[in-house]
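Shared chain: chain A. Partners: chain B in the first complex, chain C in the second.
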Partner chain A sequence: MLRFIIKRLLTMIPLLVGISFLCFLILRLSPGDFVQSLYSGDQFSDEIRKQVTHEFGLDKPWPVQYLLWLGNAARLNFGISLSTRQPVAGMLWERMGNTLILSLCSMVLAWGMAIPLGIMSAVKRNSIIDRLCSLMAFTGISVPAFFLALLAMLFAQKTGWFPIGGMHSNDYEDLDSRHRILDMIHHLVLPTLVLGFAGCAGIMRQMRGSLLDTLRDNYVIAARARGLSETKTVVKHAVRNAINPLITLFGFSLAGLLSGAALVENVMTWPGLGRLILESVQSKDIYMVMGAFTMGATMLMLGNLLSDILLAVSDPRIRMGK
Partner chain B sequence: MQKKALTGIGLLVGGAAIIGTALTGCGGGKNDGKKDGAARENKVSEADMADFLKRNITGKPGGKFNDATIADPKTFNVMLASETSSTDILGLVFDGLVARDPETLEFEGDLASSWTSSDDKKTWTFKLRKNVKWSDGQPLTADDVIFSYDLVFDKTIPTPVRDILTINGKPIGYRKVDDLTVEFKLPATIGPFLDVIGVSILPKHKLEAAWKSGQFNNTWSLNTKPEEIVGTGPFTISRYTPGQSIAFKRNLYHWRVSQDGKQLPLLDGGTTQIVPDLNAVILKFKSKETDYTGVRPQDWPDIQSKASSGGYTAVNAGPAWGFTYLGFNVNPANKNVPDYKRAWFSKKEFRQAVSFALNRDNMVTTALRGIGRPINSPISSANKIFYNQDLKPYALDAAKATALLASIGLKNKNAEGVLTDDQGHLVEFTLMTNTGNNVNLALCTAIQEDLHKIGIKVTINPVEFNSLVERMRKTFDWEANLLGFTGGVDPHNGRNIWMSSGMSHVWYPKEPKAATAWEAEIDKIFDDAAVETDQAKRKALYDKFQAIVYDQQPLIFLVTQDYLSAYSNRLTNVRPNALARAMKWNVYEFSEK
Partner chain C sequence: MTTTSATTPPDYIEDDQAPSETPWQLAWRQLRKNKAAIAGLITLICLYGCAILANFLSPYRMELRSDQVFQPPSPIRFHNADGGFSLRPYTTQLKFNPSDNAFHEVAGTLEPVHFLVTGEPYRLLGILPLRIHLFGAPDHIPFHLLGTDSDGRDVFSRLLIGSQISLSIGIIAICITFSIGLTVGGIAGYWGGRVDSVIMRICEVIMSVPQFYLLIALAGLLPAKIDPRLTFLMIIIILSFVGWAGLARVVRGISLSVRELEYVQAARALGVPEGRIIRRHILPGAFTYASVAATLSIPGYILAESGLSFLGLGIKIPFPSWGNMLSAAQDLDVIQTKVWMLCPAAMIFITVLAFNFLGDGLRDALDPKLRR
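So, the complex of A and B:
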């Protein structure tokens, strides 16, 4: 097992280099550059643009720029953001906490709702509950999350029950710690619901489908025939077997922890990574974008690794095969 | 882009610019400001305020403002700030020597109480206000002014002001006369001198060490402790939370006073939330989380109709100072525009015909939802100093347009009703505009319909911002475009658009030498006006300029949107201004009711 993990970690390195190279290539090939976009006002002379381009090393040929970046990144130095002249790592770190709070809450909500609902609608197939769950799931899948976010904002404005986006009230700094937590929860409710609802739908359908498949298997019929209680049959045997695809899904959703909320963050003015990255891409702040993409790719690979490990833990067949 | 001191003109792209700086007041009830009559902290005695600027307002001290802006600032170093998300915030913290009052359009002394010029207008002497202190209590002196101009002329600092203050390759001279007097010596006269001299003055005692060690460009970044950012403006930054908000507190040493002798600003502080989504900006205002906001035309009917029940006032502050245009590419550097098309675009008759074919009233009704007006000059009709009153509107006249086209040989129509030239080329072009701006897109559609009527076929091509800047500045790969420019008071600001050497000379940037006689004439007008100091003569020169572009239509002026805004009735002294484009321009006068 340990060897497997180490091997997987080592294969991540060339993958990361490849991904970062592609990102860099796309960034450089797409039109526009940072200096043109930040200094687009015509009060800035070409001389100033040239000077800033030189200062940031953007006048070097792009393969050289990429190798320089790669060399620094290997030493965990991700450079500075061109627009703020701050270290990229620090800026990402600053926002990461905010995004994690939101993503974790909505992930807990999504999985917490999806698994039991999925099991229920599989067991009571074609019942009213199943129909309702399906309706909810299809709505969740078909309506884009940013649109739900807009609706939630309108809801907050019409009822006045929730703040219009954001993460803290203006007077947050003056509150004691108990009220700070309450204030944050108040701000968290709507974005969590929006993201949780959107995330729940897919997982629920997956759980339902996967469980329906297993429920038709011979060993389930055998378990029933032996007189096992229905609850035991489903929960101990069928679900245990049906869960594998969900573990893989879980690994993927780990990758989305830091980037999956970007659109909702933007609409609901949540001060997370998504917004930062979106702005950086728009302004062609290349080192910022490279830093963020590298982080995202690493998360995706770690998520995959984790889900493989979880699979091995939960399913002896996979362990034996290895 | 545009607010920086008095300088340039920025491409106005995207609906975002309207809200560039939104302002707000305080969310009801949360404010625990001191009751009337409670003593307010005073750092400046009444006697010391004698030389302070008196503003013609009254109000009661205390309270806060709450508003929203669409993006995080990028720096707290005002010399490096290059876009509105930074300059809007730093505008509250720093001042220059003089600035134009956006209401009277007259110059008002900010840090300078008075100024004089020699008879030849080449020597200017500025007297600083007495007893002005930095927000950390250190006195402001001529040394700070000299230091700030030293920074401007340091070639390692990317500030556009340096170019403006360099005449024929020679920087202007400046020296300290005494602690409160600074003298400028110009190598040649500068017509709009007071317009270009308004550099933000920075504290020498805080920044000199960093500058001497070559670290100025990395000083006063977003990580800097807010109390280190020392200014003379009405507020100082008290807290910055990335992605969330910037909090301000009153500068206890500020140099403006109200008519009844109260030191300004009246408010104790405020919070600007960072709200990247324009829909959320409006929702926040409607929920009273913010006190004021700019309003897009599409939100205007709703905002206006709910004003009395919502407890706020909706204001149309008149025409915005920028203009929207339709321009044709005649740049020979672009090989993608065929020669025969460039030949049409180069003919004045063609451009005039297009101009006569457009129904601008209809554009106002459809694209601007009735909130705007047709224009016929790059200079706003609200600019009572420089607008040429004699210009008549280019009224819709399809017959005249057709006749003008016929006069240059474009009269045969094919089966679909599209004009062809004598070699059989269809008269058609692609119209580029920026994505994400519904108003510009609607204007393009209106143009497409209007020109269809006279037999010209238009294909609309919305392009993403980065790509658009590249096409405008580098590849010149476009046939026609529709965009806007922001505008200021002095037409000199537009020299980069109108002079043939300018990099924003839309139809043919950076011409090696003026390509046509009328462009040469415009060049001469701008050169002359740049050194002319007599106001009447400058007005006459720019009148002539407006007449030329009116006749030649190198850019076809379309419409301008009105500046729309709304503010909570909780506040008084809020006076939205189309020139300032920011609700907060007089935030030091805001007062709670």
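So, the complex of A and C:
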């Protein structure tokens, strides 16, 4: 198991190099100079522009630039932000933490809702509950996440129960640590609900389909024939086997979750990684974009790794196989 | 399946002569039973029909501005000025009153709405020059079926023209993705070896980045001052670039597994040439799966386009798309007081729902395991 994890972690390295190279290529191919767009006003002389260009190492040929960046990134030094002149890494950790909090909470909510609902609609197939769940699932898949976020903001404004966007209140700095956490949770509720609802639908459909498949299997019939109670048959026999395809889904759903989070963060002004990417792409802050890109990819890959480990734990066939 | 082979006598008639249905007929019969899928199919035919006829159906030009800013939908009455019932709808003028900050009907302006009227010239499907529109009110009465937006443009007309963009983006992008995915995936799966591993590494790189991050980065770097028509093209290219990797991987997996199946081995043993094996035995298996995957991923493209345009990274004004029309509704005050501005969201919802219903139905219809 440990060897498997280490092997997987090692294969992540060339992938990350590939991703950062792709990102660098995109940034270089796009028209417009980073320095030109930041120091475009008349108050900056050509001298200053030249100096800044030199300072950020943008006057070197681009393969050298990339290799320099790569060498530094390997030591977790992601360079200096062009716009804020602060180290990228600090900003990156903060934003990544925020995205992680939001994603984890929505994930817990989505899975916590989807699994029981999926089981219920499979067991009571074609009942009213099943119909309602299907309706909810199709709605969840079909509503654009950003629109749901807009509606949530409207709800916050109308009722006044929740803050309208953001992550902290204005007086956050003056609060003690207990109230800080409460304040953040208060801000977290709506974005979590939006993302959780959007993510719940697909998982629920998969759980339902997968459980319906296993309920037809011979060992379920055998368990019933042996006189096991229906609850025991479903929970102990069918659900356990039906859950494996869902663990594979876990990795995919993570990609969707991060993408959805990027939109929701932008609408609800949650200071996460997706918002950071948009901001820094617009200001052509090359090092910030590259850092955020690499971090996003790392999160996704670690999530996929986690789902593979979970799969190996839950399915002995995979554990024995390789 | 085992029971049927036991009860019916084995027949060794050539496949072509057997009175059985082709797989497509079978799938269609299966699909017809699924009410939701058929409802989705009909909705989509209507939506795409409206998009094709958009210029004919819309009473105004999409970029025509008026001083009626944020006018609510024009009232429709089924009685004439005398109060008698009339099958022909009538409308009245709405005028903004600054004192109470609202639009009010102007008395005595009840005018009939005419059908098949002559109006702005346009080219149907970009070819046929026409001047005829489905309906229109007299010129001095502004008739906005779904109100106007922040620049006084007719929302109904923009919704229709926007549907041309929003609906076609999904289809064009999926066609590109589909052909790249099928070709590249097929090559990787069939050839295997070094070609396979290089292609798969590239796919993994693209798939390891959260999709929307990549979309934001690519779309955000498009220069702000390019022809909006070019933006449309670029958005399609970007969406396809991000999307092909997933499909290629799936197709590769299928062709890898199909390659080793008995019937392919049998065909090989019988000396069927390689090209024919790929065409007749490997691709059909991958094709049905991929077509379901394609139908189910069109909504993703539509949602991605609307998300990008909503953030201001996608389709640029003056061209309307459902996403960029919604970005005008980002203001919470607008959502509350100008509900008609949310029509594009409803259209996105209906379209995506229809595609999901149809895709789900197709998957069930094409899945041999469920045909019992």
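To be clear about the criterion, the second predicted complex is superposed on the first by the 290 of 322 C-alpha atoms of A that agree within 3 Å, B and C clash if a C-alpha of one lies under 4 Å from a C-alpha of the other, contacts with A are read in each partner's own complex, and residues count from 1 in each chain.
Here is the rule we use: a residue touches a chain if its C-beta (ideal position, glycine included) is under 8 Å from a C-beta of that chain, and two chains touch if they have at least 3 such contacts.
From a predicted model like this one, the values you see are computed outputs, not experimental measurements.
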Clash or fit, chain B versus chain C on superposed chain A: clash
Which of chain B and chain C A:46 touches, first, second, both or neither: first
Chain B versus chain C as contact partner of A:141, first or second or both or neither: second
First (chain B), second (chain C), both or neither touched by A:171: first
Contacts of A:73 with chain B and chain C, given as first, second, both or neither: neither
Touched partner set for A:88, first chain B, second chain C, both or neither: neither
Touched partner set for A:296, first chain B, second chain C, both or neither: second
First (chain B), second (chain C), both or neither touched by A:152: neither
First (chain B), second (chain C), both or neither touched by A:249: neither
First (chain B), second (chain C), both or neither touched by A:258: second
Residue range of chain C overlapping chain B upon superposition on chain A, of 23-31, 59-67 or 77-85: 59-67
Those residues of chain A which chain B touches in one complex and chain C touches in the other: 30-32, 150, 153-154, 157, 164, 266-267, 282, 284
List of chain C residues in touch with chain A within their complex: 201-202, 204-213, 216-218, 220-223, 299, 303, 306-307, 310-311, 313, 326, 329-330, 332, 335-336, 345, 348-349, 352-353, 356-357
Touching residues on chain A, where the partner in the complex is chain C: 14-15, 18-19, 22-23, 26-27, 30-32, 138-139, 141-147, 150, 153-154, 157-158, 164, 255-256, 258-260, 262-263, 266-267, 273-274, 277-278, 281-282, 284, 289, 292-293, 296-297, 299-301
Touching residues on chain B, where the partner in the complex is chain A: 1-2, 4, 7-11, 27, 30, 66, 71-72, 74-75, 82-83, 155-156, 158-160, 163-164, 217-218, 221-223, 239, 241-245, 247, 271, 273-277, 279-280, 283-284, 286-287, 289, 464-467, 469-471, 473-474, 496-497, 502-504
Residue numbers on chain A that touch chain B, as the complex places them: 30-33, 36-48, 51-52, 55, 83-86, 90-91, 94-95, 98, 150, 153-154, 156-157, 160, 163-171, 173, 266-269, 271-272, 275-276, 279, 282, 284
